[in-house]
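A, B, C and D label the chains in the order they appear, each numbered from 1.
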Amino acid sequence: MSIPDNCYTLVISCPDQVGLVAAVSSFIAERGGCLVESSNHTDLQQGWFFMRNVIDARAITLGIEGLREEFSALAEAHQMSWYLRDNNEKQRVVLLASHASHCLADILYRWHSGELHCELPCVISNHENLRSMVEWHGIPFHHVPVDPDNKAASFEQMENILERHGAESIVLARYMQIIPPSLCERYAGRLINIHHSFLPSFVGANPYQKAYDRGVKLIGATCHYVTEDLDEGPIIEQDVVRVTHSSTKDDLVRLGRDVERAVLSRGLRYHLEDRVLVRGNKTVVFNA
Amino acid sequence: MSIPDNCYTLVISCPDQVGLVAAVSSFIAERGGCLVESSNHTDLQQGWFFMRNVIDARAITLGIEGLREEFSALAEAHQMSWYLRDNNEKQRVVLLASHASHCLADILYRWHSGELHCELPCVISNHENLRSMVEWHGIPFHHVPVDPDNKAASFEQMENILERHGAESIVLARYMQIIPPSLCERYAGRLINIHHSFLPSFVGANPYQKAYDRGVKLIGATCHYVTEDLDEGPIIEQDVVRVTHSSTKDDLVRLGRDVERAVLSRGLRYHLEDRVLVRGNKTVVFNA
Amino acid sequence: MSIPDNCYTLVISCPDQVGLVAAVSSFIAERGGCLVESSNHTDLQQGWFFMRNVIDARAITLGIEGLREEFSALAEAHQMSWYLRDNNEKQRVVLLASHASHCLADILYRWHSGELHCELPCVISNHENLRSMVEWHGIPFHHVPVDPDNKAASFEQMENILERHGAESIVLARYMQIIPPSLCERYAGRLINIHHSFLPSFVGANPYQKAYDRGVKLIGATCHYVTEDLDEGPIIEQDVVRVTHSSTKDDLVRLGRDVERAVLSRGLRYHLEDRVLVRGNKTVVFNA
Amino acid sequence: MSIPDNCYTLVISCPDQVGLVAAVSSFIAERGGCLVESSNHTDLQQGWFFMRNVIDARAITLGIEGLREEFSALAEAHQMSWYLRDNNEKQRVVLLASHASHCLADILYRWHSGELHCELPCVISNHENLRSMVEWHGIPFHHVPVDPDNKAASFEQMENILERHGAESIVLARYMQIIPPSLCERYAGRLINIHHSFLPSFVGANPYQKAYDRGVKLIGATCHYVTEDLDEGPIIEQDVVRVTHSSTKDDLVRLGRDVERAVLSRGLRYHLEDRVLVRGNKTVVFNA
């Protein structure tokens, strides 16, 4: 399902308890909200409850601020982490890229064809080579080289750009620099990476070379939120593709590009539609 | 998710309306019912609502009959089709087979290892060759040959056996006879078939030969409810496997067996866990 | 495997016979040719032999014309259909598109990033909307509207453009017009289409609507050579993607786009690397 | 393709060189051998050549011993590792199991239905629970408990049984004991294991628990030859299945069973048909 116009998305997670679905859905129904989609999940082992509702907002008269205010009381009573998004307001997503173009090109294409529900205020790269492609799409391109002797200055420059463009989420579209902890923390749960292996196989650098050397029969890619622990953040989406003994390392790279862009674009879509709920190092993904 | 002990499953479909999730979940919560799983789907195009709840029954004091009685009023008010199952009572499923063993062997194995939540009161076949395998599992085997000149008599005999064994659902595990309309109707939504092609490709007989002749690059299997219209019933589950130019027709048959048994066992599992809701010629399958 | 530089590809099909592999590989070895890849297949049922050799040409002193001349005798003796390609000469592929951009954009991207081993002399479309995208890649764009009252004139114009650009192969990248029989015949085995269903399911128009109405659990795409019989030509490649009851018809279209472009780009790649051998209505695809 | 009757399989690996395909295929053709299947692969990086030929033996008059003798000279000249198998003689495969039945049951079923081309002279287990299932198939069952204080004695007993039954290959069908190095060495390239994860993810014990804790979105299984380095041997086959946040650890175990048995039975089939060539820690698998 896609996100229809004129609707709100309400996302909740809290300790499990009898009556949570009833409480939330009654709250919505009593205010005239019609459920377009409603998903929930209880982690019985952890005793934790997750819920996502897409609400047709046209019959809700008190507006999103009014709804937020009234919901606060319910939320507090059940110790909920929650947010309510107006889907008419598109999220502002800044893309970070390096030299490789495939993931960036794929996201730009999907955005340009109207498939991704977001704004792309700018692209930041530590290389110049993708400028023309980005600018053809009418998107500002910022070149922020990363000085190995003064990375702090480079990332400060980047943070300024992020702030200026009002970045709500960040996508590392094969951005090949390690993100400083402060940025990881500031954008926790909103900073998406694509790793070019089926994690936890082949963490770190050169996963295709490692996969080639190990002689695996499938290679994969992993879309995850970035945390301080490299390649260890919560996994959003993964997929694989079959390879054979006749696949060279270059073939793995080529086949891997297709999996990377597919996995990243699915992961980003789930994120933009508020389908991904993080708890600890795992995700709930309401994608069906 | 599997079905835990001591729980009820409540399955509902009805015209869509504001407040249905709230009404049903409030009804359950007010009687102490804790939701183990709760899924719903609104077909916006058809204006139809589907819901499945797995309810921890241990805190519900009025018992399943009491719960049914009290729910009737709510159900009537919203024109619901519904049922409430006590999961401690296993469904009675009769398997029909012919000469081919792979689907039957797979279901018997899964049942024997405790993976399928059902009773298998007996197996009926129009051939004798699978008797020993069935009886090793401690399940009665009935040989009901189908007389081409008097099919009616054969199916009457079969219906007697089904009745005697209290069959609630029937699985055609590569049973190679056409089921008479009366039986299709009597077991509507409870009579499961596995077709050895990716429907609607290659309806009718000899799908592997047809697939071989057409030179397709994938072959598949389809698990569906049987209706009077051969190979046209609501699809529960499908899957495919890759083949190549070097696959002979016998290879297709061999590879197809694995897809058939995988698709049938998944479809049967969804059915037994009340995850499949039929409307018209389509299904809603709450399997995630 | 990709196609390395400085090599020839020799493709053969002929009636089967003892000693064909020996005869061909000896011919190559005696002239100093080193095999980079060598695949063969015997269709035992049809008694037909297929072979593809990629030959390192650097040690072959007599040149490609010399090699062709000497091979003719062997070929004639065994009634071979065959050709020998110099891989340093890239095939000239003309792309035809209509309004939808996804397949065209994908091929352009892969070509631009050096992944597809071919020349793209021009793009022809019966719409104007994709001009800017094509021209950004430095490729001429020809707008040839199809006049419903005079299709013959439109296709004559198109044939002129094809000829002027020396088109060796044609790709219908979601080109939504029926190709006239004369063009099908002229480009037999070199005219590639992507059909937006898992053929032979849902032939003809609106396959996604048909798939939605039938309630299938997987949708697919088929890359095939175009023949006069619409959607009946030899299949090169197919793939599928899972859908659910919650997938709207628009979701099928969106998910289908990804399968279409993946299947088309794989099929085109196989074609460009001379991996696809057609016999009757079936293909041998040496892709492993 | 399966293995037809009355044929030999010739398997070769050696340093690469111009003319190897010609030399081998000419050798076969000159003796009247018709190629049913012929595959080869050159690892350009390592400079190593791999070949597998299935030869229709009916027109070869000098018999398998004569053929072996005559081929020796050619083999020596090219430093070939090679063997020639008479496919009328089925390999003798001993199965080792512990408590879990799914892989064993699957192999027994495929063997019983004629799908696996081998003899199963016996099953050895360190538990008693699978005896009845094995014996129903008419196969001797040996209970060899592994004494934690004297493993050497247990494995000596096992080696005696293997010898008595003329074991050519061994399959660890979820056998949960570590194989001593002497046995690994003696059956190098003939001792097959199924690991219940997508290696190199989750080596060692409890991979499903580790996969659950990491929150992966796919789980897998790996069929590999056993070497002294646990879980590090050459990979024959791998596959994965999708899981979600709603999959409990028990669901992973259940879904994993299906992947394990599918991957093991494919790997075993490739092994029995001499499709797997090992070099270093990697395999060439001629399965297309």
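Everything that follows uses one rule, which is that contacts are C-beta pairs under 8 Å (C-beta built on N, C-alpha and C of every residue); 3 or more make two chains touch, one makes a residue touch a chain.
This structure is a prediction, so every number in the text was calculated from the model and none was measured.
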Sorted by label, the chains bordering both chain B and chain D are A, C
Of all the other chains, whose mean CA position lies farthest from chain D? A
So, in whole Å, the Cα centroid of chain B is separated from that of chain C by 42
Centroid distance [mean C-alpha coordinates] between chain C and chain A, Å: 36
Residues of chain C that touch two or more other chains sit at 37, 44, 244, 246, 248, 288
Complex interface listing, chain A residues touching chain D: 41, 43-45, 198-202, 214-218, 220, 234-240, 244-246, 248, 281-285, 288
Spell out the part of chain B that touches chain A in their complex, as residue ranges. 18-19, 21-23, 25-26, 28-30, 32-40, 42, 44, 59, 288
The answer for chain D against chain B in the complex is residues 1-2, 37, 101-102, 105, 109, 113, 115, 136, 244, 246-248, 250-251, 254, 258, 262, 288
